[in-house]
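Heads up, the next two complexes both have chain A, just with different partners, chain B and then chain C.
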Partner chain A sequence: MKKVLTGNYAAAEAAALAGVQVASIYPITPATQIGERLSEMSAEGSFGGRLIRVESEHSAMASLLGAASAGARTFTATSSQGLAYMHEMLHWVSGARLPVVMVDVNRALAAPWNLWSDQSDSLSQRDTGWLQFYCASSQEVLDTVLMAFKISEKTFLPSMVVLDGFTLSHTYEPVDVPDEKAVREFLPPWRPESRLDTGAPAAFGSLAGAKDYIRLRRRMAYDMEQALSVIDDVAKEFERLFGRRYEPLAPYRAWDADTVLVIAGAAAGAAEAAVDELRRDGHRAGSLRLRVFRPFPADALRRMLHGGMRLAVVDRSFSQGSEGTFSQEIKAALYSSSPKPVTTGFVAGLGGGDITVDLLKEIWAEAHNGTVNPAETVWMEDAR
Partner chain B sequence: MLEIRFHGRGGQGTVLAAKIISEAVLRGGTGQCLAIPEFGVERRGAPVVAYARISDQGIKIRSKIYAPGAVVLLDPRLTGSGITQGLSPGALIIINSERDLKSLSQQFPGMRVRSVPARRIALKHGLGPKATPLVNTTMAGAVCAMLDLADRAAVADAVASSVPVKTRENAEAALEAFDLVEEKLYA
Partner chain C sequence: MKTSIPQEELLRSGHQACQGCASTVAMRYALKGLGRRTIIVVPACCWTVISGAAPNSSLDVPLLHAPFASAAATACGVKAGLQARGDEETTVMVWAGDGSTYDIGLQSWSGAAERGEDMLYVCYDNEAYMNTGVQRSGATPMGVWTMTTPDGNRRPKKDLDALLEAHHISYAATASIAYPEDFVRKFAKARAIKGFRFIRVFSPCPPGWKYDPDKTVDLARLAVLTGVFPLYEIEAGAFRLNLAPAKLKPLAEYLAPQGRYKGLDPEALAREQGSVTERWQRLLARKAAS
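Entry: the complex of A and B
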């Protein structure tokens, strides 16, 4: 059934449809509506899970660590400072191999105070061992949350489903909400063999020496790598049941392009519109949307891009003292390719700057014409 | 692609007007519609902006709207707050006003101005106090008729599914405005 929803409401619908058993909520703009909606659904009876109102984001994640250890399907949502405050617990949850699913609504980090979208909050958690998915529509938010539970429960790795603050979280659009029976077929109840059980007492996460520790980390690295094929299998099953297909990388008119815009999140649509306009003017433009960031789909990236290409990577984050996160990752992935695409990083849209078609055409032209030095980050300010 | 910008005040339900139009377009069948709030810090009474982007095909662009084809003014006293920003000559301005069209048009030279007595209709249906009537549903009904975005049934349904308080009164106000516009169009 089609409903007009925001990205936040789509996330809440998905959590309820997924049969989440325990959700912890703590408010933060622009993610607050997710917890509010779950709370309303709980009062109406359309969300049957238990809601825990916690006193901080750190506790939000800590409570899910406990609930998931007891074998519950768990969910929370946060943003920006809230995600940063969870940092310690993010490592705990992935290290404990618990399939927690969390929505992060992208928002810039303070100081100075800012409410609006960029990707520095989620990308600064890239080394925490969580899968990361970047959505481009509210439909994709709903679908990705559903898929994330399945992927996480198969890989024993937690998932972060990321959406743009306001641009997705607060924008209304028609979303196809699948019926509960179909979702139950896709996502049956989760019942892990190993869980906290007062009938069979056991201790988890106790002190491990170096020998066990490195083996556990290596096993996690292996499972993270295997997650790409799990993501693919789950996407295929999702398509068979619901008719919508999602790839880790979504190329657009890219195969014969000489310069390609690389971008993640809701602004990918504007990149495609920019490509259409550039093509109309006779340019060989293309775009590539990064949908899965962890695990990083390096092989697929290498297959799609070739040495003659120029890449204009749009970073809505910046690692001070280095460069934009996507630029770093893409350059590292292409290091062994020969010849390598010429890759330039453009930092744009920090703190909520609008990423418009005009701005993307400007970025494309700078990279295409070689008027910028690929060794340096190019800072693009919102012209408006 | 049709791009609309709404100007109202915090607490007036400006974003909801855009959402109702999105709901109505969805019920029409083929169209797509995004209802986009301005991402500011909201205060009751302060000028607020919302946008709607409507198309027969899928909508790729999710940025703000800088050159709308139509502007909807929920509060006619907001005339100074960037109402005409980004408008091309001949763009449509739809105003909640009972003043005569000629004097309204003089305020916006080169634009096509239309008016809807939304304040009067909303108050008649008991929507909000006299000083700050809630005209969002009424204006949404008028806009749907003026821009031919949805039919009567879709408008009624869209209001019913979006407004939990005084649902019947809001739907009636929206339909009264819808009918008034239709009569003017075909009279």
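Entry: the complex of A and C
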């Protein structure tokens, strides 16, 4: 059924469709509507899971640690400060190998206070052992949440589905909402073999020595690596059932491009529009949207890019003392390629600045013409 | 002698507690009151260690380790997860130390208590951060030596029970291992009640309080008989004093065996005796009024 939904409402719709059994909610702009919509759906009977209206984000994730350990399918949503406050719990949940799914609505981190889109919140959680998916439309939010449950339950790794604050979270778009029966076929109830059970008492999370600890982490690393093929399998099954296909990397007119804009999130739409305009002007422009960030699709990236290309990586985050997060990761992935693309990092849109078509054309031209030093981050500070 | 205490043992002998640890006796009695259909959530505390390192467990019931600040929230989730799977019967019990309860986990239990989440929250109160080697907490009494109060703690112990009562919870009680029948009865009772239940267990700690390990039960009893740790319960708002000695023993009798009170001068002792007596009078007045 077609519905007109914002990114937030698409996320709530997906959680209900997925048959979430326990959801914990705590308000934070711009993710608040997800919990509100779930509450509304719960009151009218279209969401059958238990809602826990916790007193903090730390407790939101802690309660999901408990619920998932008891064998329930679990969900929450947050943003910015809330995600940062959860940090301890993110490590805990991934270390416990629980398939929790969470939506993060990107927002900048204080100080100073800022409510608007910025990817620093989710990207600063990159080392917590969560899969990360960056969405570019409400449809993709809904589809990715559904796929995330399946991927997480197969890999025993939690998933973070990320969408841009306001630009995506609060923008209405037509969304094809699949019916519940089809979703149940794609995503049957989760029945873990190992869970808290008084019939088979066991201790979960007990003290482990170095020998066990490193093995557990190595096993997690292996499963994270394998997650790329699980993501691929699940995407294929999803396409077979629902007709929409998602890849870890979404190239646009990139195969013959000499300079490629690399970007994640809803601003990829503006990048594609910029590419169209540049192509009309006779340039060989292309763009590449990073959809899966953890695990990092390094092989796919290497296959897609070649030494003759120039890359303009657009970062909506900055790791102080280093450079933009995507820029770091892409350079690291391409280190072994020879020859490597000349890669320049551009920081833009921090704290909610618009990433417009004009801005992206300017970034593209600077990378293309070599007017900037690729060894240095280029800050696009002017307000658009 | 025939006792009302169930024979079944759900705590094994191979635990990793210090000699004379009251919290192990408390766990043993607690599980006798609760039975097998119990899941325990333990935040960072002595029991993180006592329960045993992987792959061993000293408990015959499931145990979930939780972060320091969020045992009650984790327990909410366990209960909700069990309910989602159709299990309404299993009791979910938080077993937390005073550091987790009085300090870092206060927000978490306060939220769970206010929402009336269906769980039993137990604080075994040994009056300082003992697992990390005796640092003061909000539960540390006035005048007490710890590693972070080498010249004596300067503030009175936080009145946690009053805080709990302010949350309109369905059951609150204190329990002492020196009175096993009362102890087990309270856990069995808490098991049968719905909503947020809270039991504070007095937990003498030989290395932290600096006394001989064979004095644990004696000290637990003295704490009750001196009025330091009165035994009472509040069920749906109704107060009941479980043990009211005709005359309280002098506080000095309880303090004398404990090295942690060595620095207390006679003036401070008199002040402490005054505040114990005053609190006891308030309880007696409440008993008379109820």
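As a working rule, the second predicted complex is superposed on the first by the 382 of 384 C-alpha atoms of A that agree within 3 Å, B and C clash if a C-alpha of one lies under 4 Å from a C-alpha of the other, contacts with A are read in each partner's own complex, and residues count from 1 in each chain.
Definition applied: contacts are C-beta pairs under 8 Å (C-beta built on N, C-alpha and C of every residue); 3 or more make two chains touch, one makes a residue touch a chain.
These numbers were taken from a predicted model, which means no experiment stands behind them.
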Contact breadth on chain A, by residue count: chain C or chain B: C
Partner chain(s) touched by A:31 [first = chain B, second = chain C, both, neither]: neither
First, second, both or neither for A:305, with chain B first and chain C second: neither
Partner chain(s) touched by A:262 [first = chain B, second = chain C, both, neither]: neither
Which superposed partner A:356 touches (first chain B, second chain C, both, neither): first
Partner chain(s) touched by A:52 [first = chain B, second = chain C, both, neither]: second
First (chain B), second (chain C), both or neither touched by A:4: first
Interface residues of chain A shared between complexes with chain B and chain C: none
Contacting residues of chain C [partner chain A, same complex]: 36-39, 41, 48-49, 51-57, 59-67, 69-70, 72-85, 90, 107-108, 110-111, 114-115
Complex contacts: residues of chain A adjacent to chain C: 21-22, 24, 49-50, 52-56, 58-60, 62-72, 74, 88-89, 92, 196-198, 200-209, 212
In the complex with chain B, residue positions of chain A that touch it: 2, 4, 115-116, 165-168, 170-174, 266-267, 269-270, 272-273, 352, 354-357, 384
Chain B - residues contacting chain A, complex: 18-19, 22-23, 26, 32-37, 39, 41, 59-64, 66, 161-162
